[in-house]
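The two complexes that follow have subunit A in common; it is paired with subunit B in the first and with subunit C in the second.
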Partner chain A sequence: MTIPKNVSGLVASARVAILAAGVAAGLGATASAQGDEQPLIIARNLAVNSLDPARTSCDTCNIYMAAVYDTVVRLGQDNKTVEPGLAERWEVNGDSTVFTFHLNAKAVFADGSPVEAKDVKWSWERLTNLQGGMSWLFEQVKSIETPDSHTVVVTLSQPDSEFLGKVIAPYSGVVNSKVASQHGAKTSKEEAATDTAEPWFLANSAGSGPYVLAAYAPDSELRLKRNDHYWNKQADIGEVVIRQVKDSVAQAQSLMSGAVDIATEVSPDTAKTISAPDVTVQTVPSYQFLYLALSPGAKGNPPLSVPVRQAIGYAIDYKKLIDFTIGGAGQLVPVAIPNGFPGADGLPAPEYNVKKAKELLASAGLKDGFTMEAVFPNENYYGVDMSTLMQFVQQELAKVSIQLQLKPVTFPVWLQTVKGEGTPLTASFYGPDYFGTDQYVRTFAMMPGTRWYTRSGAERVQGMANPKEKELLDKALASPVDQRDKLYHEIAQLMIKDRVIIPLVGPNTVLAYNNKVEGMRYSVVALLPLQELRFKK
Partner chain B sequence: MNAYRYVLRRLAGLPFLLLGVVTVAFLLSQLSPAEPLASILSERQLSNPEAVAAAKARWGLDRSPVEQYLYYVKNVFEGDLGISFRTKQPVIEDLAARLPATMELVLAALFLGVGSGIVLGVVAARFRDTVVDQLVRLIALFGSSLPVFWSGLAALSIFSVQLGLLPGPGRMNPRAAALDPITGFNTIDAILRGNMASFSDAVTHLILPAAVLGWATTGVISRLVRASMLDVLGQDYILMAKAKGSSGLRILFHHALRNALLPAITVIGYSFAYLLTGAVLTETIFSWPGVGSYAVESARALDYPAIMGVTMLGGAVFVLTNLATDLAYVLVDPRIKLQ
Partner chain C sequence: MSASAPLIARRPRTKWFWSVLPGYFGFTIISFWIVAALTARFWIPYSPFDTVGSRLTPPSFDHLFGTDALGRDVFSRTMAGALYSIPIAFVVVTIGAFIGCVLGAFAGFVGGWRSAVVMRLVDITLSFPPMLLAMAVAASFGPGLTTAAAAMIIVWWPLYARLMQAQVLSVIRMEHVEAAIASGVRPGRLLLRHILPLCWTPILVNATMDFGQVVLLAASLSFIGLGAAPPAPEWGAMVSDGAVNYYFWWIAAAPGVAILSVVLALNFIGDRVRDILDPRKHQS
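Up next is the complex of A and B:
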């Protein structure tokens, strides 16, 4: 939209009037209240579930944890290389079962006390024992020893060549155990139920990262200030405010009006409408994806045999889906492992073939199709509206006479449904917590204990388990990198054949920011690494 | 009847009404198919019987529904609305922190909506069946029918992005130094602190959301006042005033408007309660951290204590607003007696 020239005089007058009113009232609020150092303002839908490192698990939490709680090792800017963090060096034994970390003696918490091995042990044990959303990161840990104050020895119950990746995850951040314990934090399994530290963590932090928590108001803002005692390279920006702006369009408008410096969840469609000269919009591929999940063991025994699941896979026009849901700003994803992750390269793109879908349905005795329920979370993930996505899927499946009864629900109701009696077809999303394929196999493969083995009701359906996947995973985790990636590739091919998970789209990430901000990039773990941002001088 | 006794009698009924609201809200929460633990525990914790048992004990979900109800009612009448599953803070504190933001928005919206509605209604009646009248009716029609999620975004686009006249979403400029709260009303706190820069900031942030929210009230009030004014302007005492040589403005605002306002008072009272409990979309679009956005997020997360708290607050608001409306009748029309 542009303003007609004959209106511009009126607008200028109105601006003068409002400015004059501000001056008459004192001074312009913006100008007067700014100190020498400007805060960085980020527009985002906060959706924080907790700020307690052992309980937190959300996208904003990734950003927060990476900024406030340093990890023992960290991820390089290439999103692959492991770099020193709190540990200046580390050793791994031959079969990837013993990891020894040597902490940097310079590392200190925000209160100035040294980061010691006991803090690392305490933090990782608490994460595991409180059983929060990310406790699975250390489920293979058999013991954590601290032979001296700066050495941590982790012994795993089985080989895990991706363990360093899990240590990189922001949720593995190290907490000042003394401070947290003083505020009700417990670490042992027996005491986990009596841990009362969460309210304290909502107002305070106890990390050794470049920022500390200044204030948190749920549904309003998360305010961080620079850790002036930071032991590593200090952050450039003194204060960061992540402000609740839920709607994608409102985020874009806030960015264009100059009210915020960065908008983190502008949808690709909305991004196309941003025309302000002082705003940069970059669209970069992400490692996130959305998928359909089919549950043959769900209530009512839906007829979801392998040919039917394959038919559903062939019935969807993936390119059209990407155009329809996010204006083409996304990638095709062949398997439930992001493109670029170990094992995912060289796989065939998902095929759209209605004729083949109909043949497969006919071979399964379902030539006339069938009807099934599809309960899904009525949310927006990575710029994709789930209702829009599911309506598209509904239309596509109708072409092969499969009628979907869509049932949008809130996330807790959806979670209860898929954990309980299940739903024949649903849709969800996944964003990585570290660079590694293990997390995908443990979530999506058809081996007992994985999230979707359980949710799909596979234990109630004969022939659903795929023992080969477990065998290959164990081998992969005990193998050197080159062999490991080949084994992951084999697992990926098996997961495609399982056809329980049908990836739909890998939405691109939109980086929308004011030109005065430098250092913007997409990180697998931190999403937006705050400590790398700076204002142009 | 003595006004003081009347107010006391009406207020005495408030706890019974709130009990009814609590009961209905509690029954609805029990009928919901959703398991509250799903919004408290992680998926892994839900699979662990020990974690489930500990959470049930912590949140009182191990009791029978009757025990839960009685326990909740007892706590409510002691001023304890429970702990929010989502924010982990006492619900009463969450509401206390957010209510001033909503009240500030709603009062500003009511001020703009009622003020402009009365003026437009009077003008439309004065210029009945002219272009001015048609224009006022058009404004009323748009105000009543445009959804806030559209008018809010459009207003932001025009006045904030394109024209740069007013700030974007939020209550205050996040770059400005935070205002130390006294009442929670930013405009009042800024004055009390003598910080006129913050006052200017708070007012400019308030204009757009208040105007968008108040527009619906403008529509309703203007139509009502127009109709009442036309009725009153046709009465004999107005003819008498004209015959005595009163000026047009005096007749409109002194003789006619006061009598024409009576029906509008009901709507004003209702509008206040409606705006207070219905500012949900406006608060979401304008990132206004009030009760409305709290209600939405709580509902999405199945945060039952928060949902119950918001429901009770809504019930109390309606009761108190009705009482205020009844008292306003007496002030405007001395012929009406309290009973």
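Up next is the complex of A and C:
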């Protein structure tokens, strides 16, 4: 029996393929650069799920949305301050239930038509009613009124002092309702099922941001052009191409060869090998983190009582994990809220204590340990190879006689697993969509309805719900900032005790770019704010 | 003329030497890996699963082939990896050949619509590219060495079925078979005693050649994450680790050379077996 050449050479040609990707990228870059103005080429694993503002949800989508669809308010360069966007000013009532935005009369869409209150209402209602991945941003909204063409009044069903953060999220970008409606976009809940605009949004955009969509080829490239009608400060670079380069090594090679100007996902280990004189590599702290998730309600009823979950938390040497997975380029994360976010300051660092872990297991009647399955996405997130990470965790847990059976799967299979029957232990990642802590509480706390309350099977296990967290969250959202942060701190402590989510590492972000590029920075919202980039004159 | 006489006399021996050398070389290499598979656990310097040193250190006296991203000894993992790659090749080829031979012999012997059913199944299976089919099966069963082996068996059996059917069809027309039928030999005995003994040679040659291909396919499946689950030191998975840490060449080099040596050796052995069993070679 013979195997085709392409098969028999698979292993041997893996590196050649990686190099070829770099060369191909180089050829493409040359071709693109033939116009009058040089485009900016960015290497990135696109992984785009949709370009429809009401359906999109991915890291590349954050970059795209922030560049193409302006938001009503935006985040300042310090990643904390709220600054005017489409709204030149806004008011919030005393209990954070009514938000009034006054739109800037100068604001226009890319087709030159004015941005009006009806567009804001249309966009936010569509985001909510289409029930896409980010629809939860506006789930507390009771009504959106438009008393005049440039005023939007949002009334919430309960106080939310972080609502401005949700408006900052790039998915809250405002869409030209007239243009989108002409191409099948619907906004009401009743018509949501008949919305046919998604294919149109793959080839067109209808925003008021500094860029417009020029072309999109799935798994190939996302091409943006400067919006020449932009109402605010125009982008410096005329064309930006985000090119599909999947892995860290290929991105670094493309950058060093000059085929691309920016590599967005270079791992810290690979970053150390970049030696080209015309390339700058910066490592900056990020708000992203990777975590372990324990699911006591997963199929097979794993013995994951509170003492066992705590034991797992104590069994992991977090500092060593940071060294082994990302060469030390990361931060310890005490709770599933990024360091520096409201409520996360002053929490105790994660403790590594094998003796304590063994005692806790003994107290749970599991002195001899146990075996459990761990399905995880076999991907690379923020430069961390998940397979390496999970093998490290496996080694650490073996020290307390917990044997992990690792099952690496593709991301869609993993998602199906955790949303379905669950897996006792898994690992995943989280990057914020805005500067605010409630998104973490709503994702990771043990309150009915949160993502990990559901995925951990908490509703099937006695005593998993923690009503105190919900009570404190409601209070926090109705409180002024100083009190709010204290309440978030209390919630964080409760989440640590839950031990359903065990944060492992907050990897630093590697900014790797050609020296001719200026304006590079990490942004919570946009990840990479394209409109701030420029070529050195 | 007298000067050329010794040359003429030496030529057959030289030719013979070069014709058998690859076979012996292959046999030596495979013997080494079989011994490694059976005994590595007793003499490798470190556990292939545990962190035993600093991560990503290049080859040194302490770690002959360096360490990987988790600080595991690449030499120990490569030697221990033989226990995964060699047995899986043996299992896949043996079971694949067994299933294929049984069905092929059945199809060739009974003929008619039953033969057509089996052979159309063979055609359908062979219409898929082998790697694609193996990937699809392994992906639907879930990753793991067992499922990878099952996937490869599904890919492999049809070729043996086709080969065996052709062999049975050619032998069944031979005079000794017709004589056996005329003398009233029962069908089962006819197949087992008068037909199959003349069908094994090409099957054996093919099976020997296929061992190397199975090692390669198993490594390919592991490379793309559909074979051995971590932390198993399967060679394909180790090459995949090396691709993630591209600039640390030693992580992929050792398992890569291991795959190369096994596949090459098995091909040499396959060639030699074919030469030995080829009657035309002996006639010449």
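Observations
By definition in this document, the second predicted complex is superposed on the first by the 502 of 537 C-alpha atoms of A that agree within 3 Å, B and C clash if a C-alpha of one lies under 4 Å from a C-alpha of the other, contacts with A are read in each partner's own complex, and residues count from 1 in each chain.
Quick note on the criterion: a residue touches a chain if its C-beta (ideal position, glycine included) is under 8 Å from a C-beta of that chain, and two chains touch if they have at least 3 such contacts.
These figures come from a predicted structure and were not determined experimentally.
Applying the stated contact rule after C-alpha superposition, one finds that A:509 touches neither subunit B nor subunit C. By the touch criterion defined above, A:104 reaches neither subunit B nor subunit C.
In the superposed model, A:380 makes contact with subunit C only, not with subunit B.
Looking at the superposed arrangement, the partner reaching more residues of subunit A, out of subunit B and subunit C, is B.
Of the two partner chains placed by superposition, A:423 touches none, neither subunit B nor subunit C.
Of the two partner chains, subunit B and subunit C are each touched by A:249. Under the contact criterion defined above, the residues of subunit A that touch both subunit B in one complex and subunit C in the other are 1-3, 11, 14-15, 18, 247, 249, 410. The residues of subunit A lying in touch with subunit B in their complex are 1-3, 11, 14-15, 18, 21-22, 25-30, 32-35, 38-39, 41, 49-50, 55, 57, 131-133, 135-136, 192-193, 198-199, 202, 215, 217-221, 241, 243-247, 249-250, 253-254, 256-257, 259-260, 276, 410-413, 415-416, 419, 451. Subunit A meets subunit C in the complex at residues 1-4, 6-8, 10-12, 14-15, 18, 247-249, 269-270, 273, 323-325, 327, 378, 380, 385, 387-388, 390-392, 394-395, 405-410.
Interface residues of subunit C facing subunit A in the complex, by the touch rule stated above, are 49-51, 55-56, 69-71, 129-131, 139, 142-144, 156, 159, 206, 209-210, 213, 216-217, 219-220, 223, 225, 229-231, 236, 239, 241, 243-247, 256, 259-260. In the complex of the two chains, the subunit B residues touching subunit A come out as 33-35, 38-39, 42-48, 50-51, 54, 58, 86-89, 94, 97, 153, 156-158, 160-170, 172-178, 195-201, 203-204, 284-287, 289, 293-294, 297, 299-302.
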